[in-house]
Amino acid sequence: MSSSGIVFSIIAICAILGGLMMITLKKVMHMTVAMILTYFSIAALYVLLTAEFVAVAQVLVYSGGITILMVFGIMLTYHKAENRDEEKVSSFRKLITFLSVATLGIVSYFLVAPVDFVAEEIFVGDHTKAIGEILYTNYIIPFELVSILLLVALIGAVLLAKKDKEEANE
Amino acid sequence: MDLQTLLSFHWDTMMPEFIILISATVLSLIDLFIGRSFSRKFFGWASFIAVVAALVSLISLSDHGVTTILNNSYVFDSFSIVFKAILLIGTALVILMAISDKFENIEEVKSEYFYLLMTGLLGAMFMSSSGDLITLFIGLELLSISSYILVAIRKENSKSNEAAMKYIINGSIASAILLFGLSYIYGLTGSTDLAAVQQIVSTLSGTELSGLLGLSFLFIIVGFTFKIAAAPFHMWAPDVYQGASTPVAAFLSVVSKSAGFIIIIRVLLNIYAGAYSPDGQLPLLINMQNYIFTISAITIILGNAVALMQTNIKRMFAYSSVAHAGYILVPLAAVSPLLFENIWFYLLAYTVTNIGAFAVIQYVVSDENNENIEAFRGLYKRKRSMAIALLFFLISLAGIPGTVGFIAKLQIIASALANNPINITIVVIMILGTLVSYFYYFRVIAEMFFKGDRLELQPPKNEIPFNLIVVIGVCVAATIVLGLMPNLALDNFYKLFS
Amino acid sequence: MSSIPASSFLLLAIILFCIGLYGALTKRNTVVVLISIELMLNAANINLVTFSKYGLTPNLTGHIFSLFVMAVAAAEAAVALAILIALYRNKPTILIDEMDDLKH
Amino acid sequence: MIHSAWLIPVLPLLSFLIVILFLRNKPKLGSLVANCFSLITFILATLVLVGRLQGDSLLREWNWLEVGSTTITLGFEINALNSLMLFIVSFVSFLVNVYSLEYMEGDDRKSIFFAYLGLFTFAMLALVISPNLLQTYIFWELVGLGSFLLIGFYFYKDSARAAAKKAFIMTRIGDVGLLIGILLLFTQVGSFEYDEIFAAVRNGELIGSVITASAILIFIGAVGKSGQFPLHTWLPDAMEGPTPVSALIHAATMVAAGVYLVAATYPLFEVSQIALTTVAVVGCFTAIFAASIGLFQKDIKRVLAYSTVSQLGFMMLALGTSGYVAGVFHLTTHAFFKALLFLAAGSVIHAVHTQDIEEMGGLNKRMKITSLVFLIGTLAISGFPLFSGFFSKEEILISAWTSGNEIMFFIALFTAFLTSLYMFRVYFLVFTGETSEASSHAKESGSAILVPMLILAVFAVFSGFINTHWFGTYLSDFLLEDAQITVKETHAPTWILYAATIVSLAGIFTSYLLFGKNKTKFGESSFSKSPVYSIVYNKYYIDEIYDAIVVKPTRLFAAGLKFIEWFCVGGIMKTISGCIQFVGWIGSRLQSGKIQTYGTIAVFIFALFILVYGVTNGGLLK
């Protein structure tokens, strides 16, 4: 195995381990930490795939933004019930879910396995600049659309999460 | 690419989108800056006017010819015109409904309501007018996120919160599944431009990669069934319709569902009709027909059977709308050659009848403060016009001759059978489903016309608001006129496609 | 670098997708469910970035797509948490299976 | 005149719209307007019939809808069969309108009643002149809707509501069969037009199994509408509607629509022996089945309802044994005498305010004209010689015999006996004997009720003469002129005529012994228990014999049939609705309100899809 193969294996194991820990750990905070591990591993994977800009964005958006958002969510809704045993979920449903997800994964793997594309150096030079150029020319419409989407999400989040004044006065 | 090239595109074809975008933005800014005490009553009418203006500009553009902007990011063709028209009509009617929406006697309608409806509409319009997977996906998400917030907008109400929670979690799972499928499409073709994708997939014949292409089909179709509320991703619909306010439920069941069908047609036909199946024989779409068939059959059976059990009128309509999604999938399952017009006309029919029905429901439910079917008891004696209007909508939904619903069903059945007699199976399921639907539609009719003691009935507390009169009037007229003279609509359709 | 076959990346994506899906369907805490869904979206992103490098015609579109997905994911997460907070105000629970007033 | 035949259905529609929109609260004016329209419709229909008698058939069509390359047309057609039907329907409808003027007096929804009559008449007339199956189907449904409204007219009664709902649903089941049949033909022929379908059949473009299947599916539609076994149960319940409605819908027109449909699509049935046999067997079974139940009913309208079912069975039997003319002929005469019987029954009910025949009696002294016309109707339905029913029933017996199916012939013969037995039972119990308490205050109805009945009585007596072997087979010649069917020359043995006469008279005589002389009432626990001192010994003896050889076996037979009805029909219905309910129950149980359950179900189905795909297409097993 080449050195890059070893690196990939380590990253992959970290990512999967983080994912598994996230769904097996009991405490919500521990889960969040496991999640950060996965997000960082994925960012490292992007670096391996020479997608530095995406990797940085991954770290900023996921490991930074979304994680903090989630932590805030946990804090704001902190409740003793959160540590109640996870076993209450019907084990039958867990089994069905597990079987379905496993089937899905295995079949998908067999269909994905024949993909034997070889890697090519897609772009020599500054990725970030190239991305920026494409984003502002070819993809200007979805880009603007995303800005509206973020605006909507902003308005929506404020609207839903804020307390109405009347209520606050009571 | 320089500014010159950018400006050389026919941006004027985006006029309807610009109108919606600008008015939504302006309204949100006004909402931000005017004082709290300032009445926001005019928001509804303003946004209604904006949507109508967009519709007018769309019609005025109708002979513009096919235009694409920036590698199919935006496509202006006959397909997008006719389907956008449905979205605009649907949203205009929903906005009119929303103007007088009341909940637990809170008079003031939330101002956010209107610009969120408009941004949702904007997303839906991009879904019908884009030939690029990224834009389509963003459009879908814009519609979804606006809808999530709209469902949650009655935030004092725990039912509404719960409905929104169900909606967003199921929706996010569905869009993750969809996105996973789309990523394979990108992977196999190296492009997100549907025209390019279409070209490349046809070269994939016989290779092992077409197995993966089929897999992506399953991911994508299952992801989309969420948006159209078809099995297996239909279960959110009843809970969400019940929890959401009535205009929002109407929006979800009509505009959002239509947008779902539009994107299904766009994506599936473009990608899979030209691709080869793993055995290298038929177009992949024919090969995958059985899955659409199964989805359609389960949806029809389940939607109708469970609707029988309902006592809440909005839940009943939710299941009925699930069943209708099943009917609209029939042309896809049958791969009938008249797929576009069948689906288009059915969506048009469904839009006018279902919004009309929801408008009546909104009035009765808020007047009685009761969402159960009993709220309609003796409506014929209490408010005759409402009962008669709802009667028309119900018989149109049930597909009884003389109404637009009948023509729509007839077209689907006739063209499915004309294409291939083997489709009789799905047609029979559809007809039997319709038969079952008579039972629950007629339960409401019986409740309105046959039940209720004259002496016990209370006259309605509120007059019918003007905006609802407009909505119901338009819908009744469309239901009957298009039922008798469907060519009024179909001729326009053909004119654009010829 | 090229010694890593494309299918390894794709397999990793599938595994993460499945973990995310399983978590989204079985965890009781709503916040964890949301995190799991993010993981599913991440899996799709891995696919996109992989195909940007390995593919018939490698190009940057995959990177762009994944950036858009991140934006969407962030928006979705924000709205979902806002809804959760609104819900929590009316009914103090974040256990997802206790949100079952609307049924049948 | 014949070119403006499209006006015939339009006029009742106008009447409906005018009355419901403007004259809702003006019962006098509303009913008058409806009557005027009805009269004009009738005159037009008569003119069209005359025009057709002198001229040729006519077909006019306009394009309505284009589905791809298929054009769907709307239009109208006048041929021998439907010009006759137009006449019958508009005639009975007009008389019923006149009759209702008095009968519905005092009802505060009188106008609405007349409006509904208009709607119904419109649908029925439009059904009759349809030149294609699709249009037929559209109005077929509308007829169902009209009858739904009329049966449920007294909607404040629970039983009326239930009956309306039952009628609608039961006939809908038939309609689904019809629709599938129509669509099956459409897939094969590519058209809904009668002419094109018949041409395809003639040219052998359709394979036999398709013809058989579509014919049987169309027949299922007819079974629903014409109240044939096993979908007959709605018809007796439909008697909850006002009596004039029963006369119009459940005697003369709507229920005849099924028979009409089979007649109109006869070229299809003709080439399929299986389809014909199905029609014959169902008709024959329904005839005897309904007759035996009719014998034991106490409600006058229910007796008439069962007799309608039975007579419709006769018509189906005729059609199924290649007696095209016989079927249509009986349809014609039956329309007159059954409408007459219902109207007369309505007159009685109007006078005595009960529907129980065992509470009536001796009305012939108080209601002379009603009694007379009822007697005429009874004689006609019983096939008394020279009355209309005599000729048409004879035709049916002949066609049953010449088709070579002796068993059906004898069943039909026995049913004819039962018919006169139970119809005269009604006559004797209601009109003869001592005046009962309920009848003691009865007064003869007014002229608006009597005149229509008298007109119908004339038709009930004489309408048989349009097709006899003595004076000429006018109807037969007329119908066969442009019906696209092949006619088999038949030589009927003359003894059938005598057999029919004897059977009819025997039925009347038995009925006289049982009910005329002795007033046997089935309501009492058994008639062997009837007080010995009140009757002479040997009469009692006769009673015993009749009891043993006629009444008891028939009753047993009826009980057996009732059981079959309950078990098969009810069982099948229950199973189907049970299945649907079960699916619904499962579906709503799964709808547990838990978000993740929804997701799990979706992912489960998704995984199944993927598994199936992987195994079949994906080559996972290779």
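The first chain written gets the first letter, and so on, giving A, B, C and D; residue counts start at 1 in each chain.
Convention: a contact is a pair of C-beta atoms (placed from the backbone, for glycine too) under 8 Å apart; a residue touches a chain by one contact, two chains touch by 3 or more.
These figures come from a predicted structure and were not determined experimentally.
Distance from per-chain Cα centroids to the pooled protein Cα centroid is smallest for B.
Looking at contact counts per chain pair, the maximum sits at A-C. With respect to chain A, maximal separation of chain centres occurs for D (centres as means of Cα atoms).
Mean C-alpha position of chain B lies 26 Å from that of chain C.
Chain C has its Cα centroid 5 Å from the Cα centroid of chain A. Each chain gets one centre point, the mean of its Cα atoms, and the points for chain A and chain D are 69 Å apart.
With each centre defined as the average position of its C-alpha atoms, the distance from chain B to chain D rounds to 44 Å. With touch defined as above, residues shared between interfaces to two or more other chains in chain D number as follows: 588, 591, 593, 595-597, 599-600, 603-604, 606, 610, 613, 618. Residues of chain C in contact with two or more other chains: 10, 17, 20-21, 24-26, 30, 33-34, 45, 50-51, 55-56, 58-59, 61, 64, 68, 72, 75-76, 79, 82-84, 86, 89, 96-97, 99-104. Multi-chain contact residues of chain B (touching two or more other chains): 134, 138, 141, 145, 148-149, 152, 155-156, 165-166, 169, 173, 177, 187, 208, 211, 214-215, 238-239, 309. Contacts between chains leave no pair untouched here, as each chain touches all the others.
Taken in their complex, chain D has these residues touching chain B: 64-70, 72, 134, 137-139, 141-142, 145, 152, 155, 161, 164-165, 168-169, 172-173, 176, 179-180, 183-184, 186-188, 190, 580-581, 583-585, 587-588, 590-591, 593, 595, 597-599, 601-606, 609-610, 613, 617-619.
Chain D makes touch with chain A in their complex at residues 596-597, 600, 603-604, 606-607, 610-611, 613-614, 618, 620. Looking at the complex, you find that chain C touches chain A at residues 1-12, 14-23, 25-32, 34-36, 38-39, 42, 45-46, 49-56, 58-61, 63-64, 66-68, 70-79, 81-86, 88-89, 92-95, 97.
Interface residues of chain B facing chain A in the complex, by the touch rule stated above, are 1, 6, 21, 28, 36, 69-71, 73-74, 112, 116, 119, 122-123, 126, 130, 132, 134-135, 138-139, 141-142, 145-146, 148-149, 152-153, 155-156, 187, 208-209, 211-212, 214-215. In the complex of the two chains, the chain A residues touching chain C come out as 1-2, 4-5, 8, 12, 15-16, 19-20, 22-23, 28, 31-32, 35, 38-39, 42, 45-46, 48-51, 53-54, 57-58, 61-62, 65-66, 69-70, 72-74, 76-77, 79, 81-82, 84, 86, 88-89, 93-94, 97-98, 101-102, 104-105, 108-109, 112-120, 122-123, 127, 130-131, 134-135, 139, 142, 146, 149-150, 152-154, 156-161, 163.
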